[in-house]
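Naming follows writing order (A, B, C and D), and every chain is counted from residue 1.
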Amino acid sequence: MNQSSIGRRFVLTTWGESHGKALGAVVDGCPAGLSLCEEDIQGYMDRRSPGKSPFATARKEGDRIQILSGVFEGRTTGTPISMAVFNEDMRSRDYSNIMNIYRPGHADYTFDQKYGFRDYRGGGRSSGRETLCRVAGGAIALRLLADLGIHVTAYTKAIGPVACQDFDESQIANNFLCMPDEQAAKKAEAFLYDCMEKKDSAGGVIEGRITGVPAGLGDPVFGKLDAALAGALMSIGAVKAVEIGDGIQAASSLGSQDNDGFAWEDGRIVKTSNHAGGILGGISDGSDIIFRLYVKPTPSIARPQESVNKNGENISLEIGGRHDPVIVPRAVVVAEAMAGLVIADALLCQASSRMDNLKKLYQKP
Amino acid sequence: MNQSSIGRRFVLTTWGESHGKALGAVVDGCPAGLSLCEEDIQGYMDRRSPGKSPFATARKEGDRIQILSGVFEGRTTGTPISMAVFNEDMRSRDYSNIMNIYRPGHADYTFDQKYGFRDYRGGGRSSGRETLCRVAGGAIALRLLADLGIHVTAYTKAIGPVACQDFDESQIANNFLCMPDEQAAKKAEAFLYDCMEKKDSAGGVIEGRITGVPAGLGDPVFGKLDAALAGALMSIGAVKAVEIGDGIQAASSLGSQDNDGFAWEDGRIVKTSNHAGGILGGISDGSDIIFRLYVKPTPSIARPQESVNKNGENISLEIGGRHDPVIVPRAVVVAEAMAGLVIADALLCQASSRMDNLKKLYQKP
Amino acid sequence: MNQSSIGRRFVLTTWGESHGKALGAVVDGCPAGLSLCEEDIQGYMDRRSPGKSPFATARKEGDRIQILSGVFEGRTTGTPISMAVFNEDMRSRDYSNIMNIYRPGHADYTFDQKYGFRDYRGGGRSSGRETLCRVAGGAIALRLLADLGIHVTAYTKAIGPVACQDFDESQIANNFLCMPDEQAAKKAEAFLYDCMEKKDSAGGVIEGRITGVPAGLGDPVFGKLDAALAGALMSIGAVKAVEIGDGIQAASSLGSQDNDGFAWEDGRIVKTSNHAGGILGGISDGSDIIFRLYVKPTPSIARPQESVNKNGENISLEIGGRHDPVIVPRAVVVAEAMAGLVIADALLCQASSRMDNLKKLYQKP
Amino acid sequence: MNQSSIGRRFVLTTWGESHGKALGAVVDGCPAGLSLCEEDIQGYMDRRSPGKSPFATARKEGDRIQILSGVFEGRTTGTPISMAVFNEDMRSRDYSNIMNIYRPGHADYTFDQKYGFRDYRGGGRSSGRETLCRVAGGAIALRLLADLGIHVTAYTKAIGPVACQDFDESQIANNFLCMPDEQAAKKAEAFLYDCMEKKDSAGGVIEGRITGVPAGLGDPVFGKLDAALAGALMSIGAVKAVEIGDGIQAASSLGSQDNDGFAWEDGRIVKTSNHAGGILGGISDGSDIIFRLYVKPTPSIARPQESVNKNGENISLEIGGRHDPVIVPRAVVVAEAMAGLVIADALLCQASSRMDNLKKLYQKP
């Protein structure tokens, strides 16, 4: 696998820098015959955009996705689907204030160490803006899954210290924070206004649920479905922990509590609980898949921070301009996209894992 | 990447079932000229073996690793290093009690759903015994890293509800639980005896620290170093959550708390704290890399559990025989192995990421 | 490796259809710090374009390459380099004459069988036009190689029955056919005019030479350098055979004739002949690498051909419009590009194959 | 793809050196439920062994293949199939005569250049003996294909200057040279006796035919089926050229000759000729796939050759011992194996390339 791609059969490759000409995504391996148009993808892109949220920086351009290849007469052709968002907001700016310093919590220093120099314009490739390519690619995966009855839903579980106590799915789209709990959303908003006043920032927790996944996806050892999810979700910038099912709680529970029983129900086998979060031995068990990701606070804050410049000087740094006090709500759709990519890939891989499948597809009558 | 392999340049492929003829590992891409012999690897294998621990089932065979290729006159040749452990303990057994039932918390059901049937002998490929191949492959990675001044150390951070309060590295090898805190180890042992009496099992937490990693390893987007670690560590059976640095705590802290400052010290740049756990923007920053994995309780317990058989009957299942009440201590070396594989792979990949590196290696005088 | 990518460390992914919005290429893994601008790449693109050749169809657009990411202040950043050519010539056309028939020698039938339908506009993804993406990606590889003293030169060795008898490198750019033999070029031109008059087409042979390759590139078994070259060159549409060194002749020679001797010369080892074409055991030996590819005649011809339509009818097909009577000269730069990609990839891979290399790059002082 | 593996879904990884403890192969991705036992594979291994041929060196051991994992109760389980051949003939020998010299036509020099040193025992990893692992892996692919009605047959087309004029399939197993032409086989045998007398060696041509391949396998650009075949076949040691269909002849024919017409026949579309060799635009067209590989003469010959040693001396080298005067007949089954691997892999990949395939496999009733 090369460094900017993810997936084995449903492969997403992304490119682009925050303040370059464009950012884009190539999906290679999407099966032929999936109904797809730009509006399908734009819907996901718009969920990532700040809208009127007081907690997100507006960028001028509308981030319009264009499909450049791989779709013909409204259907995917089986060949690479190339998509791009062109940066309209490309006026030349003055970067002299950041090109020689290293912002705490950002990748400025590590990029310089890795490559010898960096594209310092707006964070370049390390900007959160790269996630729009994940969303574009993930949107296609999510549509493919939907055609097969598989759905991914993510939402904000907590903002800073404020966690949801309730789950009302209809609320998710009703507040700027994507929280399924109206009261928690209000408390979290108040908390964020306080953060902003203190020139500080907050993190939070995103939870996701995947329904309709057939049992049997994922591979036994290194290709475990939970391992693929963990890798994909941790690759979202600012994520510092990933859980599956009971996650961290599992470590302090007993076997008799954590094991999910089996039972026959209407002629099929079901689990009587779902501590495992839908994955056993790295393979989907037919229950809902549950995941959680923990997001660190936005590193750009206006408070003074200790840092350095390239001239060998220690400096006090105040990051000007307007910055999102929290990125969690905008990352919700990114989490859905990454989960969708992993499940779609596992589904395509599974197609060739049994001789009876191959015979269904290839055996001559 | 195929399903039973991990890595892009330093690639480990494993094979084998718990009660088959043998289990093995092939390391492809190990650089030529690394000093290596079977004893180097056996040392790691032995750390995985139960020894005299009262908390681990002894298996008769000594799990002797054999190197079958790729090493000549004490050095790696650059070609695939094949290793195997032959199962000596291969008497034919009676599996009729497990072949038609699904054990809770195990992969029996998901394997059947995935493949249509399964090798039910001792869990087949889903047995924890597959981890000995990870340790064999990881041992080579760890030796390679050691030659370059990079070291991985893992230990048990918690067993069930008992967490270490102290860190005394010399204690790790002094108790059966690999805990760096003598008092905690004693409490945890008492807790485990209680579990065993109740025919129950426990989980726990493993923490690891990687020192000496040069800044610049890892790739910006999908190939982030923390993403690779998360995927590799989550692929260890029974792991339900993975953290990097402050991990879950980061989600409820503020930007001003979570950001690590930079400072010039003795002519080089250092971080003034390490909440990030050594990785910024997916790339190593030269600080220690800190990771944590959360392990669920051993699913095999002797208490009655509700389950099903293939005849459409609900059953009450009591798993006989002796089973480890906790697998955490034996997984410590597995975590080191997986972390070692990830870092070695990133190191090899980085070799070709800069023109100045290539010129050092190839430019004619 | 996904289907539309090539390479392990220097990875080219291409996308786009002949008559879609655009075609493009993403190079992932190009080392940071390579000097690069659009004009560097355009030079190669122009060599693929028909120019004023009477043997090549002009397409209106100039095939201007744009770099969309991965280059900053004139140097590659180490992140993906995205390039695109936008199709300006996009007026809606009438494809009713080809959408329901299968052209002999083309991929119309096989695309329909593979995907269930196809983008029939101008051949879609199977058009020769996809090679412009290979050239764009290859141009970057060739520049990287040039920086390290490695050069790839290809030319037309034969057109139909007319083969070069002489090698005068200065002639290659002096005739429309890229032949290094003035007399042969004249004969071949006459032959092609005759083909065109007969509404027929011709094939030919391309030969390439790679100089300056260090000994040691390529891997022993499946990753042999000649295997990689053969795969890459055969992937160019219309190529039906690939040779390395003496190629086909080697099969009828004797061991005493085919073996290349070794000798010490000025303190270094040289080969006293080069029947092997610069590769021994799949690994470069420091001599020039020699390859040849055999290209079939252009399948689009105006003569009547027997074919079928989708209505179950046998038809006589005459392909109207103007078509290249030979594609060989335009494929010369494509062959250079593919060879360049293979050598660059092998060079990057080799960087991590020896411990002494790693120590040069990473060992602390 | 790592260096010692081939395939994307049906992946073969091989390991082992000529005079090491063992050689082996791991097949990862073989679908579950294929009937398989050691005897199935041994049949192919035996075809590679010298038998009583006067043109092949006998090695003492019988090259017995052992299956170590991945098969349970006579069927593949879907997990990695590990196989090994243990070298019984392991007495310590004296290699002082070859360890410091470079044999012409062998990989001694290039291995030393690549890795800094080499396992010089019997050629180590560069020995023709590595092909037994290809045959073991290929045997599984060939069985899988046979279950779906796809068959690969290869044979010797020419030995040195003696080419078959006739094709009688029943003859292939009737002579030591695997030639389908009794008269040609006799002439070729006489030619080889003459070579042996002159202490020289010969090369030859292998042709293969794959029947029953469904239309639609292979990918449009870099993953073309002919490209994959070319890469796989060229990776067999000593192969210097690969052809598909008319191959080299295509380059000098006209479009009107080379194009294969289409016709409706019994309600389905057929080609009226097969110059293309069963592949159009890189995708199988349902006709037989035809390939040819050109093998150089065995490099080990007893005649004096000019070479060098590591002490800086030019030497005259006579390679003692008994060596095959030709390797072509033993490479026939290797060619079948490699072709089988490529087709099996393309077949598995194709399973996920269409939404209608996925719906057949996954859509809920």
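Details
Criterion: a residue touches a chain if its C-beta (ideal position, glycine included) is under 8 Å from a C-beta of that chain, and two chains touch if they have at least 3 such contacts.
Computed from a predicted model, the values in this text were never measured in an experiment.
The chain pair from B-D, A-C or A-D that repeats the B-C interface, sharing more than half of its contact pairs by residue number, is A-D. With each centre defined as the average position of its C-alpha atoms, the distance from chain A to chain C rounds to 38 Å. Centre-to-centre separation of chain C and chain D, using mean CA positions: 26 Å.
Chain B has residues 2-5, 8-9, 14, 29, 32-33, 78-79, 114-116, 125, 214, 220, 349-350, 353-354, 356 in contact with two or more other chains. If each chain is drawn as a node and touching chains are joined, the picture has every node linked to every other.
Residue ranges on chain B touching chain C, taken from their complex, read 8-9, 29, 31-34, 76, 78-79, 144, 147-149, 214, 220, 347-364.
The touching residues of chain A, when paired with chain B in their complex, are 1-6, 8, 12, 14, 102, 104-107, 109-111, 113-116, 125-126, 130, 158, 160-161, 195, 200-205, 214-224, 226-235, 237, 240-248, 250-264, 267, 269, 272, 276-277, 279-286, 294-301, 303, 305-308, 312-314, 349-350, 353-354, 356. The touching residues of chain A, counted against chain C in their complex, run 2-5, 7-9, 11, 13-17, 20-24, 26, 28-29, 32-33, 66-70, 72, 75, 77-82, 84, 114-119, 121, 124-125.
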